[in-house]
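Next up: the structures, one after another.
Each of the next two complexes has chain A plus one more chain, namely chain B in the first and chain C in the second.
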Partner chain A sequence: MTTTTRSLARARKGVGPGGASGPAGTARKQSTLSRQTGRTFAFLILPSVLLLLLINGYPLIYAGIQALHNGNLLDTGAFVGLDNFSSVLSSEPFWKAARFTLVFTLVGVFGSWLIGLALALVLRTKIPANGLFKVLLLLPWVVPIVVSSTAWNWLTATPTSPVPALFNALGLGTPLFLADPTLAAITVCLFKVWISFPFMMMMISSALASVDNTVYEASSMDGASKWQQFTQITLPLISRSTYISWILMTIFCVNDFPTIYLLTGGGPVDATTSLVVLAYRMVFQNFQTGPGVAIAFLMTMTLVIVSVVLYRQIRKSSTE
Partner chain B sequence: MSTVLHTHQAAPAAATGGPAKSRSAVADAGNRGRWWRFTLILAVTAVVLIPIMVTVALAFTPGANSTATGGFTLENFSTVFEKTLVGTWLQNSLITTLTTVLVSVAVAAPAGYVLSRGRGKLVSGYSLLLFVIQSLPIITSVVPLFILFAGMGLVDNLVGITIIYVGSTMSVATWMMAAYFDSIPISLEEASWIDGCSVFGSFTRVVLRNSLPGILSTAIFSFLLAWNDYLVAVVFLRSNETFTLPMGVQTFFQQNATDWGSVMAVALVMMIPPVLVFAGLNKYFSVGGIGGSLAGQ
Partner chain C sequence: MTIKSALSTSAFSRRGFLGVAAAAASVPLLAACGGGSASQGAGGTIKFWDMPWGPPAYSDLAKKLTESYVPTGSLGKASYQTIQWNNFYQTFSSAIASKTGPALSTGGGFQAFQFAEQGQIAYADNVISKLKQNGQYNDFLPGTIESQNTDKGYVAVPWSQGPRVVWYRKSLLDRAGVAVPTDWKSWLEAGKALKGIGVSAFGIGAGAGNVFGNQNLLSMMINNGGGLFNEDGRPDVVTDRNIEAMEFVREMVSLGLIDPGAVSYTLDNLSSQWKDKKIGMGWYAPGLPESTGDTSGDLQVASPLAGPHGDKGTVNYIGSIMMYKNTPSQEGSEAFLLWYLGQLKEFWKQDVVGLLPVQQSIVDLPEFQKNKQNVQIIKEWQSVGKPFGTKSPRLFGSLAAVDGGQALSQFAQTMLGARADAKTALTDLQKGIESVTK
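Let's look at the complex of A and B:
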């Protein structure tokens, strides 16, 4: 927790060679040192600023321009004002994709949180090979999505794949996990939960690691039930980590491309097309750069606003 | 917090009434609970790891027209290395990923130092800017960069995707480095300034020298991001010779009948480096980069 407080209050704390730190040194010496410091700092941060301008600044401005034109990848095209935005906002595929993105994000965030929390709580207790399980359970997060999506495909895609075959053997019919619109949406969400729960598990585990066990012993002697301990001790203690992990996972889910695209390609009949997949398809498959970029731009603006607000909140909570 | 403190203080009074005779019964129940939880977590882990075990198993399983006897073969690997460009893809992936790691640490470390030690509106503004940037969808940058890079001959080019990887690791990498530098006491640098060291000199000779764990965490983050990327590769790489492994794996799905043995052999090749990095440097692994920096240890 102290690291957090420090890192977030970092920007406002006056520590550092440029800071007015104590009465040491004459005024003259101080000012030459801080001028030299300022130059060194500028020099140290410059490469990072240039890269950000190239990879994030320039494209964002250019995307803003493209969103106002009806061009393609080769030509900027004619200026059409806000037409792209109005056509996107009034189109059925956009709202369908927005709805799926919402469902995907909600299931991704809370599904992985619940599983991650349960596993973190069990792994916190003394069980054999505790450390080994912690490492093994992180693998879904470490293994490339290209690899895991291939395995999920093999397991579920066709009626003769192992998982549908198992359902069949149990007398539950032969579900088409990636061909039926509803089932495909469920499968993609489950895949996302499978990838993401280790992240939640690790965030919660490290928050729990700082909790003193005597708190639990004391409260159980005091007659608190397991459930009371969970709701009144555990949850409040990990609330900050939980909050941050929800925010980050929301961002990961909204921006996710490979999880969806590699498993279903956005289909069947667009049932698993998220906003990012829709934008990608519009630009690189239908060559409608304007509307595609307009979607990406709408997402970007939403995320900028959301993340600025959340950043303020996190900073506020860290200084309390 | 107040609840916790309250129960903690109230505990000793309740403890005196605890009957001693039930202690062994409690230990028994604890033991049983312990094994019950062990079985539960074993089952969960087994189910969770099915896709990974499937990948490994299929990579070593003989294909339909294989001459191998028994259930185990290395044939899939020899086939893919002979008949596909998997060697080239592996090399491409390694080159782009390692370059990304080196450059992003080299750029993020000094920037992180400024964020950690600097003050004022510019520095805090930059910190906010980095946080906002890490939340943006890469797709927004990809389209304009595609147009820009097309004019510069950087499409279908490993240099092009490496630049984008470095740029997209930058915000989180800088945050991670800054968070690590925060944990290094400034007194170390102050001592070196008194000895006549410049700010830059004390950064490289004092701070960096003590930052190996932070550098490793940042490097692992950049490694995984570049190694696992699919979106940038699918947009920018066009030909077999420039493909990285994620694109290489996908080429198998363009055929009519997927040869699963070959796919999984390539998939396994792609899975090994991140798993090795993770196994070897587990201690420095921080999930979600910025998540670790934000939530603290």
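Let's look at the complex of A and C:
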């Protein structure tokens, strides 16, 4: 055994250069020290734990209580057990909202990912004014949602708005993008993709930046086509970032209230009502706190499950 | 000096640090346990929360008036705060729950009834008695004070009103070659002529946050002698009169007299349509010319239209000032309210409010009489105006969930999008209202 390996082994065992001062004494000292250190750490993190409990735990517990009662914002009301959950799960508006949330999330996540990926790959090439394009492409993400939703409303709402007018000029009729339920759902999803792709672009760009160019050079020498490079090198190497961005965007989409509420208010005829909009309406418009909070709980549970599944994918991709 | 050495030489010990951290952590806890204004003495400040009922000049004047209040004896002064409409119910609820809410406030149309049912309102019976004693009671226009009465007493005192009325753009009716409609039949005929010049005959919108869709359709029902409730105060939507009114709306939709995009029009979209001369006629609140910025006189108020059976009517929202139990002094709240009611005329004198007064003395002011449209609304529409819960003998808290709720907005979108026949849409509305009023 060389000197280096010996010292490393000693270090791992916690034995200093001077040698052991006797196994029993050392263990006792170490045990006392670790108890003291543990106590100190416990004291140090106590304020943070208390704050976390106050900030997160209290509202969560209170919301849980509300979900089991039939009260309002001022009065908890009578205990109804799981009635709120069963009434919500058996109601048609809930499942309609769940369906739209699913579509909205799938389109939002994968639509923005595809566009973000394409733009990140384009911006990786040497094009003139690359930096300027990056800034411009970030605008939809940066601009406040109130401004962008107003802009989209102005573009699409009335028959004389620019986009319907353009369709009309092209002989395609005058589609009412926010008045027709199907078109409204499509418009809201497109709006979500539009405001979200810059985030995806940034995530993927940073992942691509860490991929060594020599990998591509080597594969080129081995005769790999561009498509093969993309599917066999690029995608696997950015998979970790991809899964993280999917988790984040799934959470963003499911919890997205302003995008929908500012553009359509959940209408027409509930065509764009997502679960979070439905929960808001239940609590703050219908003043039915219990069912509204129950919806929020169901959403949280679903998000946790989806996040765990995707997180496992991340771990899997890290070990491969 | 390294960081480590700096820390080691500092007088800031570990125990001291933990103490500070624990104190910092306990701040929110202590704040949450605070007593709020209820713990103040009788001479504590009376907090008055108000909604932005007009341009910024309204809030400025209201603040100035409130702060100029000089209480008598040991009663407290008053402070003013504007509360934005966005999430106002949460704002009030959380403040009341934490006992940091106001002593008095204006608010949503049924807010006083809601909070009264939750035991948070101080009834205004004493104030009403004093108004009767000093003769001011008779100054209130018919139906206004009574609208605030419940079985337990007056939940609030009215200060303003906003009946929904029919407006028309004179230049467009002239261009279409039609007279101002006087009943539904002539409205339909005028509508066809307006359509001929590419103009909507019934301006309405039911998009995000736009409640005019709900209110206008309800106005049509009331105009035909209908409404949402029966004499027992229960939801009663699927009636012959309501069906007839909604079939009329359906006919207007199918004839293209209502803009097909109306189903998604926000308030801004609707306002723009009025401004851009795309709408010839329609229901709106008082102050349409000011809302659209067109004060040329082209936008005028029509006389109440007669329905097929000769009924006239509309929905009228009464704005009120309510008092809360959480006050430093109930006597102080009442004194301020009585004083403030006497100052209301200033809003109309200075023309900074978008609503109409409920006191005859204000209607008689020369400044108010200058606005011919508002004078006409008081003269012709106020008397046919009905409360939102019409036919029900009393208003009640869950009307807030009906007025701004999902059922009515979905109903409006269904009607304007022609997605169901009148009876089916009304049946769904009945179910929706039952679910939030049970």
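As a working rule, the second predicted complex is superposed on the first by the 252 of 320 C-alpha atoms of A that agree within 3 Å, B and C clash if a C-alpha of one lies under 4 Å from a C-alpha of the other, contacts with A are read in each partner's own complex, and residues count from 1 in each chain.
Everything below uses one rule, namely that contacts are C-beta pairs under 8 Å (C-beta built on N, C-alpha and C of every residue); 3 or more make two chains touch, one makes a residue touch a chain.
Just so we're clear, the structure is a prediction, and the values are computed from it rather than from any experiment.
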| item | value |
| --- | --- |
| Which superposed partner A:Asn286 touches (first chain B, second chain C, both, neither) | second |
| Contacts of A:Ile251 with chain B and chain C, given as first, second, both or neither | first |
| Partner chain(s) touched by A:Leu60 [first = chain B, second = chain C, both, neither] | first |
| Contacts of A:Ile233 with chain B and chain C, given as first, second, both or neither | first |
| First (chain B), second (chain C), both or neither touched by A:Asp222 | first |
| Partner chain in contact with A:Pro47 - chain B first, chain C second, else both or neither | both |
| First (chain B), second (chain C), both or neither touched by A:Val269 | second |
| Partner touching more residues of chain A, whether chain B or chain C | B |
| Which of chain B and chain C A:Leu73 touches, first, second, both or neither | both |
| Set of chain A residues, in rising order, touched by both chain B and chain C | 40, 43-44, 47, 51, 54-55, 73, 150, 261-262, 284 |
| Residues on chain A engaged by chain C in the complex (per definition of touch) | 40, 43-44, 46-47, 50-51, 54-55, 72-75, 150, 153, 157-160, 176, 178-179, 181, 184, 261-270, 281, 284-288 |
| Parts of chain A lying in touch with chain B, wherever the complex brings them together | 1-8, 10-19, 33, 36-37, 40-41, 43-45, 47-49, 51-52, 54-56, 58-60, 62-63, 66, 73, 119, 122-123, 125-129, 133, 135-148, 150-152, 154-155, 194, 198-199, 202-203, 206-207, 209-210, 214-215, 217-219, 221-224, 232-233, 236-237, 240-241, 244-245, 248, 251-252, 254-255, 257-258, 261-262, 276, 279-280, 283-284, 289, 292-293, 296-297, 299-300, 303-304, 306-308, 311, 314 |
| In the complex, chain C residues that touch chain A | 14, 18, 21-22, 24-26, 28-29, 87, 89-90, 93-94, 96-97, 114-115, 118, 120, 206-210, 259-266, 268-269, 272-273, 276, 278, 398, 400-401, 404-406, 409-410, 413-414, 417, 419, 435-436 |
| Chain B - residues contacting chain A, complex | 1, 3-4, 7-8, 10-11, 14-15, 18, 33-34, 37-38, 40-42, 44-45, 48-52, 54-55, 58, 106-108, 110-111, 113-120, 123-124, 126-148, 150, 163-164, 166-168, 170-171, 174-175, 178-179, 182-183, 186, 189, 193, 198-200, 203, 224, 227-228, 230-231, 235, 245-246, 249-250, 260, 263-264, 267-268, 270-271, 274-275, 278-279, 282, 285, 287-288, 290-297 |
